[in-house]
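When the chains are written out, they are named A, B and C in that same order, and each has its own residue count from 1.
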Amino acid sequence: MTAPAQLTDRPFVVELDAFSGPLDLLLHLIREQEVDIADIPIGRIADQFLASIHELGFNEAADYLEMAAYLLRIKLAMLLPRPLGDDEWEDPRAELVRRLLEYEQIREVADWLARRAGERSDRFARGLLSEEPDLPPPPLLLELAELLATAQRLAEGLPQDVLHRVVPRPLDTEGATARIRELLSARERFDLLELLGARPSVTDVISCLIALLELARLGELVVAQDIPFGSVAVARAVAHETR
Amino acid sequence: MRSLTKLVEAALFAAARPLTADELAVLDPDATEVDVLAALEELRTVYDQGGHGVEVVEVAEGFEILTRRECAEAIAEAQLVQRPRKLSAAAMETLAIIAYRQPVGRADIEQIRGVQADGVLRLLLERGLVDVVGRGEGIGRPLLYGTTPAFLELLGLKDLNELPRLEELSVALRPQGEAT
Amino acid sequence: MRSLTKLVEAALFAAARPLTADELAVLDPDATEVDVLAALEELRTVYDQGGHGVEVVEVAEGFEILTRRECAEAIAEAQLVQRPRKLSAAAMETLAIIAYRQPVGRADIEQIRGVQADGVLRLLLERGLVDVVGRGEGIGRPLLYGTTPAFLELLGLKDLNELPRLEELSVALRPQGEAT
């Protein structure tokens, strides 16, 4: 989310740094307006939010746009007529208020952490000494049981698709095309099984089929199957022999 | 100073990292952990009462000697030592969430902050402030993060219990079980 | 201690390199070089007469605080009898992957763990538990890692065949060459 360096003279870069996210910006607007967080004038705040991200050039930031869309959804929901006398009407803003309160609390914790880190950074530890590397590192404690438990845990955590990893084998349609042309130059017709040879792999079969269909489309050959499930004959296409 | 105190001082000086009472006990084959703690106390008193520029501090991984806060400004201004770079607000917020919700997955962090967390998480992992501590349930068994001893060291905390209780913060907390 | 002495002590401690009287004089705008030398002298006396484990030493490049020789020996000896340390969780995971999947490249390790592996790999290489055993196919011919004899020795195994097979692992982390 940091802007390119050459843009630093533009105002929004500073602003972008000033807010740590859409909720931060939203809280800022709410505080600036001095409105009750439990009764947010959602229309006004949504408009201001949109105006801010427009002015600030936030348009690229998906996170802000997502929040803007969320605010607009709430705004719409507020406009819908409420069922008469329904006590169970749920304020469309409830979830937003909950998120804002939660975020505000995290902000408070973050401030506390930053203060502590600031105090800590006022006390320097000894700088790293150059003699240190000469000393041998402490001996290592390695237990087989722990290694096994770790391996087991990792294996269990692996997503299923890794268990049945598909080894990519590229199709060789060019090779199949060459082989078909070779066979056709020697004979006028041949059987598909001849082309595939003994014990073809799946990728061989697919490669040959693709090559056959492509050559048929180009008019170089015709493919015929006389009876269902019978053998497939490949024959030279006489009319287009000259291509 | 007793001879063990002298050794403890020298060891803490040379180590450039916190040492546990256990580690310090190795300095003298006859010393117990109680002896080491007494030596640390003597050293602390000497530094405090002698008006020294350093002090004994207990941190996450043990004990270390640190310069006193009131000396920081002069040392930093004289450019003899650089202060560590401050973390961004985004990084602090992410740390706050991980510290209080650990073990916690990326999706939860992003939900609370309303911002993608990849970059910040990578930074925190690189700086060793958080680590992967397990995997959660659910699709893809997401990685769960927790704080490390380096996190405590960053804040000068002995353990996580020193973090403020959420009830003490001015903003009210929603009940824990109410997670989405 | 005078306040300049306190600053000088803190600066020498934190810098961990020799500082000249000139450099130290910057600590206090009002201090002259003579003041700094007097502060160094005071610090030296405090350390010497208080029976401290450290001392002020003047070297070619300036002044520094060093551990006393008699302490340095005790510390070095203590290092030799240091208690064995365990690997971090991250290092353990990476080691497990390499053990069961060798030869394996960094990309595969990172895919399984979901985090960058550079630092952990460097640590395992430094500790001699893994080594580069070849190069894989593909872009840039990535380095492949395997375990070392030192790894087997630490576990008390004669060879890799003695590494227990785990049912799930035999599928999930099986060495690629062994695929049926």
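The rule we apply is simple: a residue touches a chain if its C-beta (ideal position, glycine included) is under 8 Å from a C-beta of that chain, and two chains touch if they have at least 3 such contacts.
In this text the structure is predicted, and so the values were computed from the model without any measurement.
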item: Chain at maximum distance from subunit B, centres defined as averaged CA atoms; value: A
item: Result of counting contacting C-beta pairs for A-C and A-B, higher pair; value: A-B
item: Inter-chain centre distance, subunit B versus subunit C - centres from mean C-alpha coordinates, in Å; value: 18
item: Centre-to-centre distance between subunit B and subunit A (centres being mean Cα positions), rounded to whole Å; value: 34
item: Centroid distance [mean C-alpha coordinates] between subunit C and subunit A, Å; value: 36
item: Sites on subunit A at which at least two other chains make contact; value: 124-129
item: Residues of subunit B whose C-beta touches two or more other chains; value: 13-14, 16, 65, 67-68, 75, 81
item: Touching residues on subunit A, where the partner in the complex is subunit B; value: 1, 20-24, 62-63, 66-67, 98-99, 101-114, 116-129, 131-132, 157, 159
item: Subunit A partner contacts - residues on subunit C that touch it in the complex; value: 10, 13-17, 76, 79-80, 82-87, 89, 92-93, 95-97, 99-100, 111-113, 126-127, 129, 151, 154-157, 164, 166, 168-169, 171-173, 179
item: Subunit B-touching residues of subunit C, taken from the complex the two chains share; value: 1, 5-11, 13-16, 19, 23-24, 26-28, 46, 50-54, 65, 67-68, 71-72, 74-75, 78, 81-83, 88-90, 113-116, 119
item: In the complex with subunit C, residue positions of subunit A that touch it; value: 124-129, 135-144, 146-148, 150-156, 158, 162-163, 167
